[in-house]
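Each chain gets a letter, A, B, C and D, in the order it is written, and its residues are counted from 1.
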Amino acid sequence: MKSVVIGASGYTGAELLRILAFHPDIEVVSAGASGNAGQLICDLYPSLLPHYEGAVFSEVDSLVNDLANQIQKVDIAFLALPHGISQNIVPRIYDNVGLIVDLSADFRLTDPNDYKVWYNAEHAAPDFLEKAVYGLPELTRNELKGARLVASAGCYVTCSTLPLAPLLAGGIIEPHSIIIDAASGASGAGRSVKANYLFGEVGENFSAYGLKNHRHTPEIEQNLKAQVLFTPHLLPTSRGILATTYSRPTARFQDWLNSAADREKHGSEFVLSALADAYEQEPFVFVTKSPPSIKSTLGSNNAMVWGTYDDRTNTIITVSALDNLVKGASGQAIQCANIALGLPESAGLGSLGLYP
Amino acid sequence: MKSVVIGASGYTGAELLRILAFHPDIEVVSAGASGNAGQLICDLYPSLLPHYEGAVFSEVDSLVNDLANQIQKVDIAFLALPHGISQNIVPRIYDNVGLIVDLSADFRLTDPNDYKVWYNAEHAAPDFLEKAVYGLPELTRNELKGARLVASAGCYVTCSTLPLAPLLAGGIIEPHSIIIDAASGASGAGRSVKANYLFGEVGENFSAYGLKNHRHTPEIEQNLKAQVLFTPHLLPTSRGILATTYSRPTARFQDWLNSAADREKHGSEFVLSALADAYEQEPFVFVTKSPPSIKSTLGSNNAMVWGTYDDRTNTIITVSALDNLVKGASGQAIQCANIALGLPESAGLGSLGLYP
Amino acid sequence: MKSVVIGASGYTGAELLRILAFHPDIEVVSAGASGNAGQLICDLYPSLLPHYEGAVFSEVDSLVNDLANQIQKVDIAFLALPHGISQNIVPRIYDNVGLIVDLSADFRLTDPNDYKVWYNAEHAAPDFLEKAVYGLPELTRNELKGARLVASAGCYVTCSTLPLAPLLAGGIIEPHSIIIDAASGASGAGRSVKANYLFGEVGENFSAYGLKNHRHTPEIEQNLKAQVLFTPHLLPTSRGILATTYSRPTARFQDWLNSAADREKHGSEFVLSALADAYEQEPFVFVTKSPPSIKSTLGSNNAMVWGTYDDRTNTIITVSALDNLVKGASGQAIQCANIALGLPESAGLGSLGLYP
Amino acid sequence: MKSVVIGASGYTGAELLRILAFHPDIEVVSAGASGNAGQLICDLYPSLLPHYEGAVFSEVDSLVNDLANQIQKVDIAFLALPHGISQNIVPRIYDNVGLIVDLSADFRLTDPNDYKVWYNAEHAAPDFLEKAVYGLPELTRNELKGARLVASAGCYVTCSTLPLAPLLAGGIIEPHSIIIDAASGASGAGRSVKANYLFGEVGENFSAYGLKNHRHTPEIEQNLKAQVLFTPHLLPTSRGILATTYSRPTARFQDWLNSAADREKHGSEFVLSALADAYEQEPFVFVTKSPPSIKSTLGSNNAMVWGTYDDRTNTIITVSALDNLVKGASGQAIQCANIALGLPESAGLGSLGLYP
């Protein structure tokens, strides 16, 4: 199948090129980039040289025009653009492209009012919001089959939703007072050329940012149907997201525990079982016996989740990890595309984390 | 004044040597190290060469004997040993040394039962627990004056106590349901030669550890007279601790807010004022306008604290940062010694964080 | 085909497990580790959990016995052991295993005297030295076909040999006065639990080591039939090797230049052409237009080489990069196995570097 | 004494502010920054908050005007600007400021033609080149006394000159065929907001740059009166420079060796002695027994040098290390100012490297 990557010079775009280079069924026929059109792909990403030698970034505008005018025909368009841009492109190419997978936030919030509140702008294509299927296979696999527009889930959102969704679904934790304390490697900010992402600022550093109103909050809340307080931090790593969450157990969970000899042990096993049951059949989500680390997932589409119960403070804690550019972005987008197109779900995504 | 550093080959010991090299009033006359006795100090810490050229680590046992038998007379003994060892040394040298500053946890918990519960052992010198003054100048400055045995506060503990103590004292947050989510650089584990502290394991990594029962928990609770859930994480940095805390506002705090036009703004200012009032006169604690970062404090004795109120989830959040080896250990020990001995509190501690 | 990995708990062993998990033709049936026998593989390498869930390390001794006694029959044995051990294992299993690929230095030096000089020990299996084929496909591809014992080339050696071999073969540089200044990530030391490989020592650091007599020197000289001065450095990265080399041009090269209008431009193009000609058909070696970086190769079996001529000082400079654990060790071992066994050379090795 | 820092928002400017905060004799009365004028100093450098709370960057133009028009009178002006700018400022303020210390390259090359060749521009103030004293105290201490314009030496230059100058002066190495292979942390590029200095590009990376024509080459050659080939590399650290050099021994040196039983041992001791003799009295240069590391100097004004002789390849190797922002820039500038003004040379510069 033929695909284009639009927004290919950013980190998630380049990551799509990296993974698709070895996808058995999908090839990239054009890589569009606005600022870098005309440049060799391997000038920006020397790692891509072995597969993309001589290939240059095309212009986004002319690429979109060619798709809109059926001059270029492809099966899939991956949009790896900053938020606010896809919503202007999707309506133009929707009829001519078999599948659009959008990696931005543009089509993730189903209620256009939410978009307005959190992004301070009117949505440019509200009609397409209901056409879009939210792209988090562990939650929406069935809806993804045959989808034509996928809003691939965000990185922090995937890492936070995976451990919490089964606990909420199982009536184990309360749908409020949930605290998500998370940390991401510097690539989470994309290839933003700003002083605060320089090596000299990020190295040997750690800090919290976007407190109280980070834009991934409404997306997490939409997935969980719960209220969360989300605090991201910036890690001195290139990749990786770790989320540590704290929740209140439900009265029902506490009742279960009352029968147990060792409440803490019993409660912790209960939490781990709920996660294990939820992800037993999942190809990319693994329940660990101890808190996972981001390095376990580095460069792979694997996510790892773990949970426990603290009886002393009556709190349920989870820890989860993934690579923000793979399971948190481009790997997940390809996983969604595989499902939507009826390909094997793991096609092109087989790899284990680099460790060390 | 003459001092000895016992346990000088560990990271906090070496940090004492580093800082004391330029202390105007305290000199180091002997640096004891058990495993490395006889080695050149600069073989382990080449950075110390300019001041300690030719100096070798002495034997801990013979150094303690010499102090116990008054063969060696010093004004100050800094003990920078793993927990469990100081409690055997202090009784032997207490009468012969003007001031002992212990950097381990041995004399921090005032109730010997607490020690037993969290360290699984009987305390070897329970009589000395009440002689010990807890060494966190911002909390215990007056008691430190003239003290003869100081139990210098722990790194995570200092970073967690500084933002929370004024909020509890001011009746702003409830003394329970407090969550402390913190992260430390690898030096927090000391110079432990274990596989999980290798560069290949810590680099490009981030993980939670010691969940639910980290030994700094009872020390934080003792300081705050509150219940906390404390979760530490391991950062891919050499130094630095950041603590992000989440607390429930008191009913009183919410009453105050009810009169405000903009609850969130008003509440956040209230929190910041409480911190600013508490630390206005402090030489080493600074209230910032935005969440601080660990790099702001790198290599210095400075701590930075910040706080805010989230009205949506009714939560008070604080973020605080310090260098775990300086304000979290050796710098604080020297600050305590300065106070105990009547020296200028900042003597030898004047420096700003390395940035970048 | 069935394979065993002996020495699977070290970094190169774990890397073999990582790559072989997705090899289309080779599966791992046993992973032997001396110190960690009986432990879950994923306890040491949580990244391997998705493929090796529940698998434990077997005992090296009993595994070797089973191979020696034909209780266990496999097509391939990968030996990923510290030097000095393989030479005792190979004679015992050689007749019963179709192909042995040894990743240690034991069978790399063809002259047993060289081994004695550089390793201070008699070789335990000198008879097998001539049976061994040196495993650097770009140099020894033909000999590797059908080989039964492969001595897979070292990491620094591969990175140094690739740029220099074509320049020597082409009569461009002199076979003496060659300086190789190289740097490796911390995984190059293996999973050695020593204080100098702790994060606190390697992070924010850079230093030279093994000056004048590093054991990769004779191996490089054997490949190049030239004298080299090799200086390795330790990088604060998990992976990656970069080699910068300096050589004297031959009189012949200088003669060629004399005819050129722009000697420097002409000379530089000449050098690049020699490299391009040598590696045009190679699946894993790429000639770049500007000096390559280690990150371009991270996690992949790709090597990148570049060269130039400095007329001012009459020096030929090359820069080359690879991932020490992949093209410098485990990836190369698998590439050699593929060739030896008649499998597609790139089987299981398709990937691009992680960037960022 | 009163000083101004012009160009205070860059890394060397901020480092001047950091060090001068605790200088006993020099205070900063104004910190000029073109792009960031009006901003709080601690907004860019939160580490400076404890000393510079409330202080804002002033405008460079008006600050220079005020100095030129004697509205503002200061004893010292530190210029920490990109190259090309100081040469326009110095002539305007020279008569009104007791001492100007320029950290840029503008006044380092004594021959205006060299400036033209390496910087592709006419020098704007050639008359001031001969007024300028080159600021490398170990070479030019006497000239610095009473100097009114100091051209403080470059970072790579200092690190390369320190080990090589005594070997050339002692007739030990030839003044040609010298190779300097060096590496610097990312702060060496200043606070340049370019994609290639983002954390995602520099982290887990290492690469060579500026090959053959880096602008520090003529400055090194001017110091050494020798021809060098200089190759810098970019390290994934915030700070630090390590230089590894390779030189040809003179015939005289080889003659000395011929009388020795163990040529290599004798030659190596000879090299180390030459360095030790040269730096015996120096307050900031230390000769080590084994190759130094950059971390040994982190945050301090100390430089470490080491050398050895390799008999096998007849090469003299040196390794030297320093912090590029301190001894390589701002610390050195202050050391020069101390000497020029007759203050104690080490005033304000007492500190040891942060390790770990």
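One rule holds for everything that comes next: a contact is a pair of C-beta atoms (placed from the backbone, for glycine too) under 8 Å apart; a residue touches a chain by one contact, two chains touch by 3 or more.
As the structure is a prediction and not an experimental result, all values here were calculated from the model.
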(request) Please name the chain that ends up farthest from chain D once chain centres are defined by their CA atoms averaged. (result) A
(message) Please tell me whether B-D or A-B has the greater number of C-beta pairs in contact.
(response) A-B
(message) Report the inter-centroid distance (CA atoms only) between chain A and chain B in whole Å.
(response) 38
(request) Could you give the separation in Å between the centres of chain B and chain C, each centre being the mean of its C-alpha atoms? (result) 45
(request) Going through chain D residue by residue, note those that touch at least 2 other chains and give them in order. (result) 11, 185-187, 198, 200-201, 203-204, 236-239, 292-293, 295, 298, 356
(message) Under the definition above, what is the set of chain C residues touching chain D in their complex?
(response) 177, 179, 181, 183, 185, 198, 200-201, 203-209, 211-212, 227-229, 231, 233, 235-240, 242, 244, 246, 291-295, 298, 308, 310, 312-313, 315, 317, 319, 321, 356
(request) Within their complex, state which residues of chain D touch chain A. (result) 11, 185-187, 191-195, 197-204, 236-238
(message) For a test of understanding, state which residues of chain A touch chain C in their complex under the given definition.
(response) 11, 14, 18, 21-22, 45-51, 53, 186-187, 191, 203-204, 238-239, 284, 286, 288, 292-293, 295-300, 302, 304, 325, 350-356
